[in-house]
């Protein structure tokens, strides 16, 4: 299982969470990574944790102000990027452009979407993975694997029908190891996490609990 | 072949073009329709021409100001709608929502996209048809069927791979009957037209020329 | 006082509400107008009611698909338009462009904004009027004139400081004649209404109640 | 004069340009600063150059993915931020929210706009400064101070009319010291630069030329 901890713009110490991610990654069969804010990428990558960007723009080098360039996040140490997170929804043409930009910079790509139909659409754009996150469950503490298991299975089916090489992750409300196991049982190859780890008093303990049943 | 004349916000007489569309539709095997501005839908539909909306929003009845409701355009006489035209690009989630809204109102749907990858994505959202329009050719007078025939064939292949029930149209630069025939030879089941008819001194003659070789 | 009834995309009969607006307008000193969806503009204007658009785009005649052209809504019978409603927020440059487009088509303009600072900004763009609508009160039934009277007075002050020729309206939660009177006492020269009239079983009675104390 | 070098997403070495900015700033009466990409803020600030962000989002700590938080760029070493650059245009409400977010984080603010009307609007939101950049001149090498001197004077007048405490900068096409002097003569208290310095083979020499006549 791939466990990606999205730090969003939470008031956490990104280096401390990154060190927890790095340490737990070394002690488990799961693959654990962290996605900090762009301004924290370099310091987070220096911890040795697997580092992801939260977003890249569908742009190239040039006259773009306030944008996130795939090459820049790659040079800062990111090895992958989220695209089209529900808090950063892009136009269809720009999801395509962002996947292309990320691939140009050798970033692994996870395109997020809300439901199985959109997951199929995202898979058609050729990312490495897609992630289904029902917006109504994000931040609720109610795991998608319990609240809406069909959506995960349908997302896996939708992605497979379009491109069998695209992995499917899921997110929203996942906070325990049982949730992660349940997600895996539904066909998910990974999970997106956020507040459960980022806001934990002890991120290492929170992550260890999450990967313990794997 | 399906020939859809998009009137955009051109300074044309929408009723005159609609009458031309209606008349030519009756005299040819092709299916010819017209997409006026929202404020012109009722008057255009009253001509008896097949009438389409240029856009619907991913909304339902409710608190939406300045939006285009699928049910409203259907009641005004539209039988179909463009979605995600390159001049009205939507977020991926909103393309999905607009297709859903259109289907709720029994509108036929054509989702536009720029390239074969996006066409595959659009097809995964379950519209009746998709339309590939390379943005760099729109308004050029250089037909996509000549300038970039591969993009049409690749779009047909991409849509078929995702959902064999989704028709593929193409657009950009089409202004003659030969262009329409060439589009059909590449696998396209229809074309999107705009200025060639909307700005013609004699829209009926322009349309007759377009459908003559069909 | 100016009373503008925004029909949004409510499931109401726009012609019936327009007739109520027309009739009540004739029987009161207040000026009462109605803003239907774009596809309903012509039929609404034909009632003789003062008709407004809910939105115009910052565009001119040309290649714009799914947009609302100021000239088109003016020809359909609108005499004014809302711009930047909280359900149709525009980029700063596009608020400017929409005001310019509306003026080009001789439409009266009301630019909406959330708070006094934005009201000052909107006034600087030279519209005929601005309207302050605290988003958190829209649709609540709690009138802005009671819930947050300071915001109305501060909006009037902010607009006056920038351009004394710009009128100030207010909206959000207004549903009774007392609310309208209270808005006027705070310096507002008009109110934006929506569900209170649009969803009323008897729009004429609802409007008569609203203007009775004026 | 304030000279702000916007590095956009140019393929330059941000640290090398920052060192040039720092060195030239120490040798001139002008105030020279640099605005790198978010991922470069920390390394650029460590050079000792005055460091600015290119953009901040209208958000607070919380569930925001792929956004730029004002507090984060401030902690990374930025002392100010551009807002609403023509390559990153924001909704009116979001320009207001971004100014508020920046002030919360003690960042100096420069709100960009296209023309004098929008400059007045931007000034009404209470930033420290506004910057007029006619989009049609950006990247042309034709300085705004020559191509359209009226726009600078009108912008100064528009800002002064709204809030005399708001400074006015200008940008677009400025590449020589004479351009900077001309901008100052028109009432501008600073200039935005980009490619002229960022893409120079010798950024220090380019900057020295720019500030030499001051």
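By letter and in written order, the chains are A, B, C and D; residue numbering begins at 1 in each of them.
We adopt the following convention: a contact is a pair of C-beta atoms (placed from the backbone, for glycine too) under 8 Å apart; a residue touches a chain by one contact, two chains touch by 3 or more.
Small disclaimer: the values here were computed from a predicted structure and weren't measured.
Participant: State the smallest step count from chain A to chain C, taking one step as a move to a touching chain.
Facilitator: Shortest path length, in steps: 2.
Participant: Please report the smallest number of touch steps linking chain C to chain D.
Facilitator: The distance in steps between these two chains is 1.
Participant: Quick check for you: after a Cα superposition of chain A on chain D, what is the rotation angle, between 0 and 180°, in steps of 5?
Facilitator: 180
Participant: Using the average of all C-alpha atoms in each chain as its centre, how far is it in Å between chain B and chain C?
Facilitator: 33
Participant: If you average the Cα atoms of chain A and of chain B to get two centres, how far apart are those centres in Å?
Facilitator: About 36 Å separates the centre of chain A from that of chain B.
Participant: With centres defined as the mean C-alpha position, give me the chain B-chain D separation in Å.
Facilitator: So the centroids are 43 Å from each other.
Participant: Can you list every residue of chain A that touches 2 or more other chains, as numbers and ranges?
Facilitator: 86
Participant: How would one label the connectivity among the chains shown: line, ring, star, complete, or other?
Facilitator: ring
Participant: Every pair of chains that touch: which are they?
Facilitator: Pairs of chains that touch one another: A-B, A-D, B-C, C-D.
Participant: Report the residues of chain A in contact with chain D in the complex, numbered from low to high.
Facilitator: Residues of chain A touching chain D: 6, 8-11, 37-43, 53-55, 59-69, 72-73, 76, 82, 85-88, 138-139, 194-195.
Participant: Can you list the residues on chain A that touch chain B in the complex?
Facilitator: Spelled out, the residues of chain A in touch with chain B are 84, 86, 89-93, 95-96, 113-115, 117-118, 120-126, 158, 161-162.
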